[in-house]
Every structure is written in C-alpha cells, then in structure tokens.
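Across the two complexes that follow, chain A remains constant while its partner is chain B and subsequently chain C.
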Partner chain A sequence: MREALLQVENLSKHYVVKKNLISPKILIKAVDNISFDIDHGETLGLIGESGSGKTTTGELILRLIHADTGRVFFQGENVLQMDEKNMRRKRKDIQIIFQQAQETLDPKVTIGEIIAAPLRIYSIVPATEIEAEVDRLLNMVGLTGKDKNKYTYQLSGGQKQRIGIARAIASRPKLVICDEPVSALDVSVQGQILNLLIDLKKELSLTYLFISHDLKVVQHICDRIAVMFKGRIVEMGDKEQIMLNPRNDYTKQLIEAML
Partner chain B sequence: MEDRKLLQIKDLKISFAYGQNRIQVVREIDLDVYQGEIVGILGESGSGKTVSSTAILGLVSDGDGRIDGGEIRFKDQDLLKLPERALESIRGKEIAYIFQDPVASLNPYRKVGKQIQEAVKVHGIKVEKEEILKTMEEIGLADAKLIYDMYPFQLSGGQCQRLNIAMAVICKPKLMIADEPTSAIDASLRRKVLNIFRGINEKYGTAIMIITHDFDVARFLCHRVVIMYGGLVMEEGEVRDVLEKPMHPYTVELLKCVNSLNVGESSLYSLEGVPPNPYELKNECPFFERCKQRMDQCNQGIPPMVNGENNRRVRCIQAVSN
Partner chain C sequence: MKKKNLSLIIGSCILVVLIFTINFPSLLTDINPYTAQTMRTWNYENGELNLQAPPFPPSEENPLGTDEMGRDILAFIIYGTKLTLTISIFVVIGRFLLALPLGVAAGFGSYTSKMIIEQCSIIFTALPALLIGVIILKMNFFTNLYREQSIVAFVLVLTIVDWAKLGKMIMERVQETLGKPFIKGEIAIGKSRLQITLENVIPHLTAELVILFFMEIARVLTMMMQFGIFGVFVGNMGFIADTEGGQTTFLNISYEPEWASMLGSARNYIRLAPWTVIFPGIAFFISILGFNLIGEGLRKEFQEKNSVYLTGLRGMLSFGKLKLFVRQKSTVARKQKIYIVISVSCAFLAVMGIGAWNQYSAVFQYTDAKEIFVHEAFDEVLIGTEQSKKMAQNIGDSLMKIGLKPMSEKGYISEYTTEKIYVPTEARLKVVSTAMEIEEFVHQTDFVFQSFGNKELNGELYDASEMELLSTIDFTNMKDQFVLLDSNIYSEKGFQYLVKKIMTESEVKGIFCILPAKKALPYPMGNEVYNGVVMWVTPEAGNRLKQLSGSDVQIVLKSRELENIGRNVAGMIPGNDKMVGEEAIIIGIGYNYDRNQKEIGEKRILWGLELARKLIQMDQEKRRTIIFVFWDGTVSDSYNGKTAYGKQPLYNPEKSELYVDLTRIYTDKGHLYYNSRQAPITRYFSFSFNHQLENAIAKRNVVQNEYKVDMYPGAKGENYMDKILYYEVNTPTIILSMQEDKGNTNKLLTLDELGKSLLETLKNNNH
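The block that comes next holds the complex of A and B.
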C-alpha cells in the first residue's frame, strides 16, 4: 500500500473572462479536474507549456488562490476545507520556492531577517536560538553566516534562489512546491541549485512537487512525471515509462522536440 | 573569405548610464557574419549578446544606452554613421530582427494580415495577399486564410512567433537576427521553429544570427558560434570545432555543465562563482575569478584575441603559450 503525503482529487479552477463590453463571456479552464498523488519522499514533476495550469496547480494546493471544486488531502486532511487559521499553520509543512526569487524577497530587509521570519512565525526555535538557526540554514544552502547582513540586491541570481530555498526549508516543511526554480538561472549555475535541491531532499526527507517546462531538468530530478496540457493532466507515470514509452500525443511532441 | 563578409562589427563598445557613472556592457566586440551562414551568439545573461545585436539596427541609443566606439559595416557602409532615415530603409528590409517575445512584438489592435501588409509597405514593396498567405503556409501556419483575419491575442505564442518570422521573410532580407527565438514558446515547438530557420537559410540563402544561451540550439542549427562573456568575445569558430574541442577555459567549463545534464550525471557539474557583475568589471580576463587554469598574467589587462586555424579565435593567454 502506497502512502501518499499529498492527494489531489478532481481539482478545478475556472476563470470567466470578458474581453470587452460586447464580447461574450469565455470560460477558461486553467485547471480542469486533475487528480494525482505524491508519496512520502517522492519527487513528482509537473511539466507542460506556459498556460497549461502548472503554476495554478501549485497555488491551489497552498490556497494562494481558491479552488472551484476538488479536494486536496495533505496527510489525510483536506486543506481546502480548513479555516484560515489552521491553514496558516499548515503552510509550515507545505512551502514553495518561486521562479523569480528576486520578486519574492523583500528588498528592504536583510537576508538574515528574511530567513528568520518563518522561524519566528512558526516558533521553530526559541527566540534566543534564531540567529544560530539562520546561520545553520545559510550554511545548508551554500552561503555563510557573514551573508546575513546583506540585502538581496547584493546577491547574484543563483544566490537569491539559495535564499528562497533557505526560507522555504526554515519551517522544516514536509512538502516543497518548486515552481520553475532554475529556469531563470544561467546554465553555469543551474547545476548548483539542482544539486542543492537533491541534497536537501535526502538530508531533510523532503517531498517535492517540481514544476517545470524543461524536460531535461525534470528527467534529472523527478521520480514520476505528470504532463499537463490545457489544464488537464494528459499523462502520468514513472519517469522511464514517460520518457521511453510516451502514449499521449502531446507528450510525444515534447520528447521529440528535445534537441 | 573577406568578400563573403556580409556584416562586420569592429571594436564595438556600448555603455549605459548608471547614476552619475556609465557601465560598459559591451567592452570590445569583433564579429563577422558571412553570407548565407547561420551564426550563433552564445552567452549567459549579462554577457552583452542582445545589446550588441540591437546595436546593429540602431536600437541602443534611444534611452540610457550609448555607443562609445567601433563600427558596424554592412554593404560598404557604417551603420553607426547612417542617419535615421537611411537606417529605416535597411531595418526590416535588408536586416530583419525577430524579438524574444513573439506576442509583444505584434500590434495587439491590428489583424495580423494587415500588420504584415503594413510592415512590407513601409519598405516600398508591394505584396499581394496571395503571397503573404503562401509565405505563412510555407513556415507552417496551416490555416493561413483563417489566421490572416485574426488578432494576435487569438493566437498561441508559437503562431505569433511564426508570424514574426513570416513578416521578416517576406521582405527577403540578407540577414535575419533572432533573439532567443525558442525561449518564449512551448518546448514542444522548439525543433519545428528551428527547422523553419534552417529552411529559410537553405531556400533563400539568408544569413541568420541566432542569439541564445542554449548550446543545444547552437549545436542543432548553427554553422559557426561566437561565445560571449563579460562583454567580450571569448571564443569563436566552426560549431563542431568549438563544441567538440573547446579552447577557452570558459567554454570548456560551460560545456561540462551542459553535458552533465544531458547524460544525467547523478551530481551535476557546475561552475563555482558567478558571472562578472557589469558594475564591477576590471581590467582583466572576465573569467579570471572562476578560471581553474588562471595564471598570474591573467589579471594584467584583458587578454588579446589569438587567431587559430579554420577561422578559430580565442581570447586566452593559455592559447598563446600553447
């Protein structure tokens, strides 16, 4: 019996769009009745083109936007039905790493404060130990305690993403949603960040939902792959099975387009 | 070889205003494009590849940018010295530019057919609707008749990209510059779009300059590649020579990163350190900080370009001593 950490059932998010006063309303199915599980310690890759609903899926799970229908069970509890207070507590266990680290880090506070915030909010360590914990987290992501007085503008793209990762793991989450964590990075630094994510996963027994448009990256880091197309999951399976024996036409196109 | 040069960039220097100071984004670029070739300009973000290519069409000096020196020769004239009006007759007609964001570079308020007609009319070329439809079909827009009367927002990124290419092709330019033509479109269309460029090159003999950070794109499409870093050309040569026998330590390291992911090594290879900050460029090899083979001389000024066999060029002291 597989033990799922996250179970997503019939999740949907539709938008009604009206282009102008006289045009008819159009229904856009951003996420259209999708279901999937992620096991403890597993990395599930969510791949698809821009607009296919990958990011929306991640945001629905975290309730950053509200789902229309469906259920999201995290450790057996439906997070979509939790009240706001409990949900806020739940986010300690479900964290997210964004594509544009720059835009998700407050430019006006130091790096030390950015990483200390989740420690304080979720009371991860006693107040007296926060500073030491920040140092420890910085070391884990390949930076040093000396960096904690810097501001984000003093960092490179790769270093900013390391801060984004440190903040995500600070609350000791069980599930981390990685939304295109390396696609804004240069080729020479992509590898560092992917290695770091893989190492941290082992060290902290994390589970990842890894959202990406890059099949090469997904193939490297994921155990299973789900392919999204126009809001639906059109194919899902073990990495080898998807890469070597794709069934869906869109999946085939994706694999054939690899250079 | 000399008379086959279509475009010659010599000693190009470009800076941007930054507070009271200026930052040098392009420090010294020498680059030739030969007739009928596909050349790839490869580099990481901030290496100066996009800025150098927009300078060809005089698109740098509008805002804070300034060309501090050099020349860009196209058909016996220096594009940098041409008045705006003369440049307008070259832009689009002789040298076409395809921008990175295919949707943003179309007019959202005009039906695409009209847009193409207008763009062509500006250059004094008369084109029948039939020919536009034919071109659209040629580059893989199957429902050309339908699309002709649609607005950009009704089309996908891939379709918009093809329209930009159609608009460029229809003027039969001598040179097409495409900035990251595959990075804003769906991954499943990458190979198709690159094949369109190859088809245009083979059918019309159009020279194409592809600006990309992706070695796979270069390997798939280009005849020759130019590797940029810190506002300088670091290495240049036939694509096979450079990708199989890289000479510059930077190219060597970068290829290790790319190949590591391609073969799926359990621990990915990556470069230590970060690309040089354009605000803090020093008078030394820009790769000095990260180079594993660096020597004492490497931070004594920018290393000179060394010419090798088969039109190979490398900017590294080690290449001299070898």
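The block that comes next holds the complex of A and C.
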C-alpha cells in the first residue's frame, strides 16, 4: 500500500436536530462515511453544492469539530485519536484557509501580530527574526511590510484573504486545506488569489485539499476531484476523467450547469 | 468636527480633582482632620456653667461645620477621600481578581467555575449584599480594628458579597466571544486555550472591562454609602461614648477620616446639625457621578473603531506586545499623545496617592529605641555625678539623631545650679538592746539618711512617737539621745519645722522619722548637715524601733559632696501650623535613677526616646510644637530639674499649652495613676487633650480587658513637685504615674500600651 500524505477512512459526522418540542428527532448526516486520500504534492478538489458537507469534512480533518466515527491518517498517524498536546503540534503541518477571511481573522489584532502568531507558537524562526519573517511572508502573498500595523477592517476583501493565506503558510505546513478561498471575492480578484495559491504550491511544495462549489475554479487548480453530494462522495477521479467522462448523475448535472 | 464627548470630559475632570485631593489634601485645607474640639467656649450665666459643645455649625473657622467630636467636616471630607476611594478601588480590584479568572474559565466551559459563579449569584440575590455586609461588619471584632486591618476586612467582605454579578457578566461575554468564527482560525493555527484567552478573548473584553471597572467603582461607593447609613464603615471607632457600669459603648463615628461614617450619624443629627450629613452626602454624590460619567463616556468613545484610547489600552493590556504599542504610539497624532500622557500620569499619581500611607502608631515598642540610644550602662544616675553628665550627653546625642531641634543655641543640655548635694557613701545602723541582742537595719530598705556629713555616733533610743512635740520649748532632755518621731501625727510643714527645730536647738544625736503610710522612702540625697543625723524609717522599721526603746543605737555615716549642677536635656519638634504652631506640648521624663531602679530607669529613657521618634516618623502636618524634656534630679525633690524650669522656663510659658508628666513611671507593667486636676476646663486645649487621652487609655482598657487604671486624681506618690509647672508658670499639667501592682500580675497596662495611647492622642488632638 502506498503511503499517502492524508488518508481519510470512513469519516462520519451526524447531527441530531429537533425543530421544536413535539417534533421527532431528525438525523442529519453532514458527512457520511467518506474515504479518500491525498498524495504528496497533489491537489484534491472537493466539490459539491452548499450543504453537501465539504466544509465539515475540512474542519473534521483539522478537528475543529469532533468526528463521530472514522479515521484520519496524516503521515501515518491518526489525528482523530491524538491528545490535545500532540494535536497542537500537528497543526503546524495542517493549515486551513477559510472562506470568510474577515470573520476568521481577529479584528482586534494587527496584521503583523496575526501572521507572527504561528511563528511564535512553533518557534519557526528565532524571536529576533520574527519581524523580518513577517515581512517576507507579506511580500510572498503580495502585500508589503507597511501593512503590518493595520487592522483587518482597514483592508479590502482580497487583501484579507492574502493575510489568511500568509497566516496559513507561516508555519510551513505540508497540507493546506483551502475552504472555498475565493468564493467570497470578485471574479477579478479570484484569479489573482488562485494564481497566488498555485505559485505558493510550487514554491513551498504544498499539498492542497481544495474545497469549492465552483467547478471552474477546481478545474483550474486541481489534479484530482471528489464530488460530494448529501454528505457522501459520489464520484472521485482524475480531473480529465471527471470533466470529460462523468459517471454519476449528479456530477453530470454539475458539469452541465457549469457549461 | 466631531461632537464632544461631554460625559467623558466632565467625568475625567471629577476624577482629576479626586486624584489631586488624594495626593495633596493639605493644599486644600489648613485644618488637621484628626483634631477634635470637645469644647469651644464657656461662660457663666445665672450661676451656671454653660459650655458650647460640638457639633458646631459652619463658621469662618470651620467652613462646613464640625461633627459631633468637633472635627472639621471639610478637612474630614478632604482627607477622607483617600481612604474612601482606596477601599472602593481595592474592592473593585478584588472583585475583578475573583471574577475575571472564574468568569473566563466558566466561559471556556469549566463546570466548577460556572457553578461557583451561579451559586454565589443565587445566594447574594436571595440575601441582599447590604444585609450580609452589615451583619458581618457590625460585629464587635471588626469595629475595633486598626486602620490597615480594617481596610483588609472591609475589602474582603465587600468583595465577596457582590462579585458574582461581575463574574456572570464576564462569563457571558467570554462565551459570546468564543462563539465568533475567528476563534476557529486561532485554534487552527495551534494556539492553546491560555494563548487564546490572553491574546484574543481578553483584548476583546478590554473595552468592556474598563467601562465595567469605572461603573463598578461607582457601585461600590454607593454600597459604602448605604453601609455608612447603617453605621458600618472603615476606620475603627475611637471615641468612647460611655463607660457606665463597666460596659463601654463607642460613639458611632470613625476615628479615621472617611466619608461613609459621617452619614452614620444621619439618624441622630439630620435635624439638629444637617451639615454633618449633607456635605459628605454631596461628596459621595459627586464622585459616584464622576465614575459613572467616565464609564458612560468611555462606552461612547470605544464605539468608534479608531479610538486612540482603545488602541492604547489594548496595547497596554496585551501581554508581551508593549514594544508594538510603543511603535504604534509614535503614529498617533500629537494631540492624542498628550491625552495619553495625561491619563498615564493621572494613573501614576492615583497609584502613588493610594500607596503612600503615613506611618501609623499601631506599632509601638520602646525597645526599638535601642538602636538610636547608645549609652554606657550605669548602675545609677544621680544628679551631680559623672554618670549623670554622660547620660545627659547621650540623651542629647540621641535626640539629635532622632531629629529633634535643640531649645537654644547652647544645645540640648541646659544646666542649672542647685544647692549643695551630699550622698552617703557608707551608712550603717545597729541597735544593741538591753539584753545585748544586736538588731541591724538596712539603709534604703528600712531607713534612709536625710542629713549628711561624716559621723560615728551612738546613744540611747528615746521613743517619742506618741508625743506631740510642736508646743514643746525645751528639748534639753533629748541630749545625746536618738529620738523616734512619727510624722503621721503632724502636718507636713509642721513636721519639717519640728525636725529642724530639734536639730538646731538641742544637742540630740539623731532623729528617726517614721514615714507616712503611703509614702516611699526618699532617696538619700540632700544638703542638710547637722551635729546629729536625721533619718526616715519605714513604718515597719518604726515598729521595731519602738520595741527597742532605751537600747543603744550605733550609727556610721560617711558622705561625699557632689557637683551642684543639674542638666535638663530638652529637644523640640517645632510646630508647623499657621495658627497654633507656636503653642507647645511639653512631655517630661526623668532620666535619673538609683541602684534600685536601674532596670526601669533605662527603660524610661528608651520609652521617651521612642515616643519622640514615633512622633517624628508620623510626620504630621499642621501641629503644635512638641517638646521633650528629660529632667535631671528627679530622684530627689530638692534638686529636681522641674524647679529650675519653673524659675527659668525653656519655652515661653504663655505658649505652653500642656505639660505631661511622666517622671513617676516606676514599672513597665503596672497600675496607672492618672491625675488631670491640673488641666482645668478653662484651658481648652489641655482639657480636650485630657479628655481624649482618658478615652485612648480607656479604649485599651476595653479592647485588651481589665488594665488597672486609676482615673481619680491625687494618686499615690505624687507631690507638689509634679505639679510645679502648673503652680510656677501656669502650664496645665497631666500626671501619669505607673506603679507596680503586686497583687495583679497578668492584666496590667504596659508601657507600650501607654505609649500608643499617648501617640494616638497627640496625633488626634494636636492642632
């Protein structure tokens, strides 16, 4: 068996919902028994409509929410069974870029501090070089060191997303989960951010799990694609195979809608 | 142009005024807040003595009137700002110290913390905090504490009683903040809980916490005001209302300047003397308003995203980011910079003002003076001897070290000439009875020589103790005999006259004088030289002698003459009050002691020095002059330094308001005799002082239980000499005498306790 960077096996997350006092309980299967794996340097696109469980999958892998069942192997270790301390250490290697940058960045902390935080936590660079490293990262994502003392509300949407990216790559991760990184942006900015992600991938030899509802974007960036529908992966394969020769009905609908 | 934030401006102004008051109370009033005036004027009308008693209404002297102890209300409010605000700020800090960790922990989901907060909240909602506070703090134990202890107790109770509300508020805000999406991001980059709390949650609460802090101060002040109305306040109750039937009740007013206590008398005085209640009420009103306005103003200010205050605050409160803050500050506008500088310096002043307390007299140990009093150990220090000269020098040096000023250019020591001084060097008395039995008497325990010279005499003992000899003209039958006389059947003057007459007119060998029952043997020192000898004998020895009538008395006496110069050592702490700074309180202590008093003699000096040192340390503003005099020659009435002072006072007698005589301290633990007959009601200050000293001693009496204090005048062992300042230079005199009480060993007044009482009174009534 080949050693993948990330292996997800039978991952599930169910929610019990009770609408009011007398209604019966409803079981919602947000993520239902999904399995996939990602190799080193590969980009897996996770695509599906809203509410299909893409984002939940990403957060389950990062343990931002707790999984019900399943296993997630990262470099051969099950992250779902790690204790808090080890998990915190592991987070250095798995990072996430959120969809809503302005909401996931603390509005009361300066940009310099946001980016410096992972550097401090993992002692990526010595304390004296943190400033320089922050400047370098900002340059990398197309900003300048001058922006360091600004707060997030002083930036545009695209700039905020760049900050989110800079923070994610600051700890020099191996795997980055991109959770719809461009869907909240203008089309013109979308392209810039996607190109930035592609450049960074080459430069830092990253692996992406790219979550999106937009097939065009996924097609642009991914090597393989997994299609999710109602918590399940209905189809998974190479980009060409999925785009040109879809087997599942839902996939077909998606591709048709794109065209 | 942005709309001005009026509430913040007004609130800040009030705060600045309060901080100024805390730091520089003496700039705002000339009056010492501790000064109590128990009486202002008196007059006779229709044959009745009428006293004008406090509370005095507002007048030129007391702009806002005085309270029922005659203390100036304006000064009391001004000096009370510090204690009142300190308490409220400490309470708020205490509440935050409790509420913040527990609130944050509960917000993070700690079950225990949540339970603690909720249970406390439930308990103190069901039982009003006011009620619990009043019940706890009204206990006797709390009302008699010293200032520092009282502050701690008060802060603890006020903190515990009402912190849960704050805790709950913080908990809810933390939960709210933790629900925000960016927390996910912080977890994702691997921050621990602690890091998230410190770096993300607390900065989000900063604004709210600062607002809460000011609002909470206002709330605590309100609560203290309510406590005050129920008669619960900081600052021990120092004034005794009544000691009827052994039960002591205190006046319900604070000894320390403080606002809440002034409201306590509302019930009794609101109609009679409304000024005692209204002005402290206004003080409370203004400061509560001030803190509320600041809270409100800050809330408005923080709503703006670019608020410079918020940036600064966050910078100051986020840990390890101070460097960043400094850098940020350089980018803010100059005007804003000035604001920051002003608020930082205000905060600094507030901290300084609250931190600096005058040394308080709660600790008094006369042994502490050992470090400043360097002296040779003498077995006895008697006027005219070399020891006395050295001792005077030593005491003078110590006074200088303590920081007292000399009374004249000549220095601390003022010399005076006395009559010739003789002391016996050898003294023996032996009686050989008719049955040839030898009975020995011990000098200074059984008898004492009162006339001197070098003599070896013997003769027959003649008992005249039951005869009245004043009318006798011819004493020839006493020739070559020793006569036994009983002074109890004569008047004092008459007896002196009689002894002199017998000694000069007859050829008697000697006179034994039986001492009056209450008197102690005087010290063998004097200037009389006769052909025969004069001796005092104790009543017991007198009885023995009576049995031996007709026996042969053998006497050996050798004496030497001392230098007839006495040295009083005096130093003063000059007064610094504009009005009464020149008026002086004189404290007199004897430094002579003989062999029998060696131990207490040294202690007495130490005690006096420590008293002086503590007074200097208290560093009181606005007080009278205090003079410490160490008298020479106190072992003998004839050479007593007080006589010299009476003839040639060191300080203007017209400005001498009081003399406290402490020469008759014969033990460091004993029975206190207290005579204030020479501090009459016509001398306001001394009368008032006496009243408070009595109070201070009686208070110790109550708190520590059952000292023996004799408040009745005319105590044991005192005589004309003690009151000489009153009779010669008309200085009112209070005499304190401590004597051994052999029947009672454990519950006795100690020197330290007496020292504390004196210090307290000097502090209290020295304006």
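We adopt the following convention: the second predicted complex is superposed on the first by the 255 of 259 C-alpha atoms of A that agree within 3 Å, B and C clash if a C-alpha of one lies under 4 Å from a C-alpha of the other, contacts with A are read in each partner's own complex, and residues count from 1 in each chain.
The definition used in the following text is that a residue touches a chain if its C-beta (ideal position, glycine included) is under 8 Å from a C-beta of that chain, and two chains touch if they have at least 3 such contacts.
What you are looking at is a predicted structure, and each value in this text was computed from that prediction instead of being measured.
Visitor: With chain A superposed, do chain B and chain C clash or fit?
Guide: With chain A as the common anchor, chain B and chain C both fit in the superposed model.
Visitor: Would you check which partner chain A:158 touches, where first means chain B only, second means chain C only, and both and neither mean what they say?
Guide: A:158: touches chain B, not chain C.
Visitor: Name the contact category of A:150: first (chain B only), second (chain C only), both, or neither.
Guide: A:150 sits against neither chain B nor chain C.
Visitor: So, A:192: does it touch chain B (first), chain C (second), both, or neither?
Guide: A:192 contacts chain B only, not chain C.
Visitor: For A:256 in the superposed arrangement: first (chain B), second (chain C), both or neither?
Guide: Touch status of A:256: first partner only.
Visitor: Taking the superposition on A as described, I'd like to know which of chain B and chain C A:216 touches: first, second, both or neither.
Guide: first
Visitor: With chain A at the apex, figure out the C-alpha centre angle toward chain B and chain C and round it to a multiple of 10 degrees.
Guide: About 100 degrees, rounded to the nearest 10.
Visitor: Now for A:122: first (chain B), second (chain C), both, or neither, which partner does it touch?
Guide: After superposition on chain A, A:122 lies in contact with chain C alone.
Visitor: Classify the contacts of A:50 with the two partner chains as first (chain B alone), second (chain C alone), both, or neither.
Guide: First partner only.
Visitor: Can you report the least C-alpha distance between chain B and chain C in the superposed arrangement, rounded to whole Å?
Guide: 8 Å.
Visitor: Both chain B and chain C touch chain A; at which residues?
Guide: none
Visitor: Quick one: which bits of chain C touch chain A in the complex? Just the residue numbers, please.
Guide: So the residues of chain C in touch with chain A come to 180-182, 184-192, 195, 199-200, 203-204, 305, 314, 321, 324, 327-328, 331.
Visitor: Of all residues in chain A, which touch chain B in the complex?
Guide: Result: residues 19, 49-50, 156-159, 186-192, 194-195, 198, 213-217, 219-220, 250, 253-254, 256-259 of chain A touch chain B.
Visitor: What residues of chain A sit close enough to touch chain C in their complex?
Guide: Per the stated touch rule, the residues are 59, 62, 64, 88-89, 91-92, 95-96, 98, 100, 103-110, 112-113, 117-118, 121-122, 149, 153, 164, 167-168, 170-171.
Visitor: Over in the complex, which chain B residues touch chain A? Could you list them?
Guide: 44-45, 153, 157, 186-192, 194, 213-217, 219-220, 253-254, 257-258, 260-262, 264, 267-271, 274-275, 277
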